[in-house]
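The structures come next, written out as structure tokens.
Both complexes below contain subunit A, partnered by subunit B and then by subunit C.
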Partner chain A sequence: MRRFNFFGNLMLAVCGFSTAVLLVIFGYICYLLTSGVNALRLNFLFSSILDNGIFEPLIGTFYLFSGATVIVAPVGTLTAIYMVEYSSRSKLTRLVDNAINNLACAPSIIFGMFGFTFFCKFMGLGISVLSGWLTMACMMLPIMIRSVEEILRMILESVREAALALGATKWQMISYVILSSAMPGILTGIILSIARIAGETAAVLFTACFYTMRGLPKTPLDPILTLTYYLYVMILFKPGYLDPGEVFGLALVLFLLTTTLSSIAFAVRAYYRRRWGRWM
Partner chain B sequence: METINLNVWYGKLHVLKDVNLKIPSGKITAIIGPSGCGKSTLLKSLNRLVELIPETRVQGKVMLNGHNIYDSNIDPIEVRRRIGMVFQKPNPLPKSIFEYVAFGLRIRGIRGNELHERVKKALEVVGLWNDVKNRLRDSAFNLSVGQQQRLCIARAIVTEPEVILMDEPCSALDPISTAKNRRAHNELKKQIYDSRSYSQHTASI
Partner chain C sequence: MSHIKHFALQLKALGVAGLITMVCALLTVSVLALIILFTIGESIPAFMGWTGAPLTWENRWTAEQDRYGLYVVLVSSAMVSVGALAISVPIGISAAIFIAEIMPRRLKDVVKPLIELIGVIPSVLYGFIGLKVLVPLIQSLFDIYYGQTALTASIVLAIMVVPMIVSLSSEVISAVPIEYREAAIALGATRWQTIKHVVLPTAMPGITASVILAFGRAIGETVAVVMVAGCSTELTKPFWNFLQPVYPMTAAIALGFGEAEVGGAAYHAYFAIGTILLTFAFLVNLSASLLMKKGPIRLRL
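Showing the complex of A and B:
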């Protein structure tokens, strides 16, 4: 009886503690919203960093993740299709499977280091948008593969059977039937992986960003600024350059960007779930 | 169509043992037996769909127009294009009603007017055209199970296969849908498939 009570109380304490932590974080977000909201003027968003704006980092963030998405979407989708539709459960596929799981939760600074040594130095791309794209694509890949794989495994065997029974070749089955049913998985995969890297600092820190960069990159071999990197620099190296309100505004823009992306991911998933019922 | 000493194994399980069966052309042949006796396996081995199940081994011959469909120089894709199949449960493709029926034609490269005409004709044969003609772009999931099953039949006949295999097409349906389905089968037999073999597998009719 005493033992039971002890565990009961322990659990209560753990729950209470985690609730308290969540409340503190939630409180901080509210603080962020209220302190940053005054800085959110079009003027702030669309003027150059030289005029105390955030135009270059804002555009840079979109530029970086759209490029990385263009790389990762086809590669991730095809990998997932290979894993589900073609590969047999061999030792190699299990190895790849484990590698994907581990990569999905690897710290982003490791990706940054990898990108720096491999893309910037070894391949000679330097600190550039292109290196940033490739490094980010590496980070997005596991999430992308997982989301598509998940949905491919949900497609009923009878659907594949139906397509093949009509005389479809394997590739016709995949391109006409499997891909269209996997579309929600592909879209959520894209958006979730963007949401992961949109808030990414470490991966671009070594590979794509250069503080002395001014203006927008002219070629993919130029460096770039992102919101996260700019925030990092503003807090650590240039305190006082922006007003505190503007620093919070910058953080708020970043926060809104990532939450919007994840909400879009959920909305897309919900839309397809309603539309195609049992596939999601 | 004829099977000669057909044997099928799933792993170590010997499912079909020396099946010798003649299926006459232009008639409905029904195969009856208790569940688990291998009816579905037999049907699936008639269009080589059985080969897609892992660890399956097939021995013996299945003759269609004098050719063994299991010959090494015969393409299973071609076999499945000539032998249509309707499954026990409707297994809709995640597509609109029109695309659903058109799928078999599209993968053969048929487009444009011919595609539309043939889809319309197939839907008329199964008695669905009037129900769905105004919502061809809707998802096929919005149809009732009976309608979905007739859609599956339309999907199988639209390519005008030489043989149609039906694996208990009515077992998931209520009696009224069953009656409609059977009407569709009879229409089928009368209208287009006079000269063709048409084998059906129903335990419950």
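Showing the complex of A and C:
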């Protein structure tokens, strides 16, 4: 019996050791990514890439995800409303459910190829911000729908019944009662999917970004630069063009952008899960 | 006729607002349908050999010479993803056990969101760190000229998929009912015996699902792999040698697809790789969701 106990404690120690190793590795990665803090000056953020700044990629990233959000937020929210409020057991709902699962697990390079073939070539939009918006919207859909769906399913049935009993029509019930309670879910969905898009490289590679693009896009049919794409090009094709410190500064901006957005979304989600979870 | 009448009645019950939501739901489904349609449709000429430069099993993939050998890309992808799992699964699962079973609740509430947050770091940053730190390390450690190897890619991928394994597995392990553990402890089992004989077998379907999902993520990962895998157009050594540059499927697409002429042989060949990737992704999703439904613990992906 003693021997077993010794072996068991040894195994538990091994488990603890690997947890510690993981935390050390992740800590080291974060330390490396934040070592570009010296390059992080307003001058660096707001001067053009021709003057070794990152103004265009920074604006390009915001431009890309704001347009994609405008497309995906209504579509995602309405789809989730259909799934939960209108027909939670229909064939279409099951189909949407499977489609979301499959979309969520498709590799991002597939979205890039699809976006290039369908939006850029088939629809004739070319390599442009517009193609980028549409491609990104496809990638954001599963995250958006899942977040809204989660919170809609948390809303108590009696809340709906109360609204209907007061004489509201179904749509009045949804727009006045359900949507206002579902706001945190919609917000989480938007922020989470923006965080995903802000860090995406493979899907903008063929659809929205152009290597020789200079300046800001004038119309939605111009290509853009994003932070991820600019970093990718600078590392892989033009090593030595930027100072090492500036590359680390670029990496730090990208790191801060994605982690900040995600931690906001996680905090909002944790808050409403804790507050509403016990109603379920 | 009655079908149509029934359908019309259903539509009427939806109302205008309901109809709009239904259109959005249909739009979501059609996005997936279009992706499948275009990816498979554009790959048919390559698979059927209509392009003049057919897909082969040879050990070379170069669009410049119109040679599209699937051997190099498939074997490279298998090498890096299996290598990534070989590193990440033992560490990930043991860390998940520790976090779910041993760690005090307060610490757990800090560590779990942190690991989840690590999972959202963009892949281009992992590639960057791999290139800056791991490539020189491998170079000097094994005394080779070229540090971008299958081993490097495996390690980078392992670091990228480990958060997924840890957070999903620890969630599944935490979801094992407390009564199971109480019963085992009442029978005189030690802590480790309880974990080994009761908790892990119950959580096994979910843990397996997390490993499968990690495999899917590893095989579909693009940008980090392009940076650290070396991307030579042929494998110069046998596939069990991890100290050679490799050319995984996603890297081939990322480097070559942009230059491929639309409708040309290369274009269709890259879509053939895309179809293979998409098939893997769907198989991964299917098996993971089947496993998640099994057993006493239900988890949503």
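The criterion applied here is as follows: the second predicted complex is superposed on the first by the 235 of 280 C-alpha atoms of A that agree within 3 Å, B and C clash if a C-alpha of one lies under 4 Å from a C-alpha of the other, contacts with A are read in each partner's own complex, and residues count from 1 in each chain.
Rule of thumb we're sticking to: a contact is a pair of C-beta atoms (placed from the backbone, for glycine too) under 8 Å apart; a residue touches a chain by one contact, two chains touch by 3 or more.
Since we're looking at a predicted model, the values are computed, not measured.
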| task | Could you look at A:L156 and tell me whether it touches subunit B, subunit C, both or neither (first, second, both, neither)? | result | first
| said: Touch test for A:F116: subunit B only (first), subunit C only (second), both, or neither? | reply: second
| message | According to the stated criteria, A:D243 is in contact with first (subunit B), second (subunit C), both, or neither; which is it? | response | neither
| message | Once chain A of both complexes is superposed, is A:A168 in touch with subunit B (first), subunit C (second), both, or neither? | response | first
| said: Just to be sure I read the superposition right, which of the two partners does A:T79 touch: subunit B = first, subunit C = second, or both, or neither? | reply: second
| message | Just checking: does A:S181 make contact with subunit B only, subunit C only, both, or neither of them? Give me first, second, both or neither. | response | first
| query | Which partner, once the models are overlaid, touches more of subunit A's residues, subunit C or subunit B? | reply | C
| subunit A partner contacts - residues on subunit B that touch it in the complex | 47, 49, 52, 77-82, 84-85, 87, 89, 91-95, 103-104, 106-108, 139, 141, 152, 155-156, 159
| query | Considering the complex alone, what residue numbers of subunit A touch subunit B? | reply | 156, 158-159, 161-169, 172, 176-177, 180-181, 275-279
| note | Listed in rising order, subunit C residues that touch subunit A in their complex are 14-15, 17-18, 20-22, 24-29, 31-35, 38-39, 42, 90-92, 94-95, 97-99, 102-103, 111, 113-118, 120-129, 131-133, 159, 162, 166, 190-193, 196, 213, 216, 219-223, 226-227, 250, 253-254, 257-258, 262, 270-271, 274, 277-278, 281-282, 284-285, 289, 301
| said: If we count contacts the way the header does, which residues on subunit A are in touch with subunit C in the complex? | reply: 4-5, 7-9, 11-12, 14-16, 18-19, 21-23, 25-26, 29, 32-33, 74-76, 78-79, 81-83, 85-86, 92-93, 95-96, 99-114, 116-118, 121-122, 138, 141, 145, 170-171, 174, 195-196, 198-202, 205-206, 228, 231-232, 235-236, 247, 251, 254-255, 258-259, 262-263, 266, 270
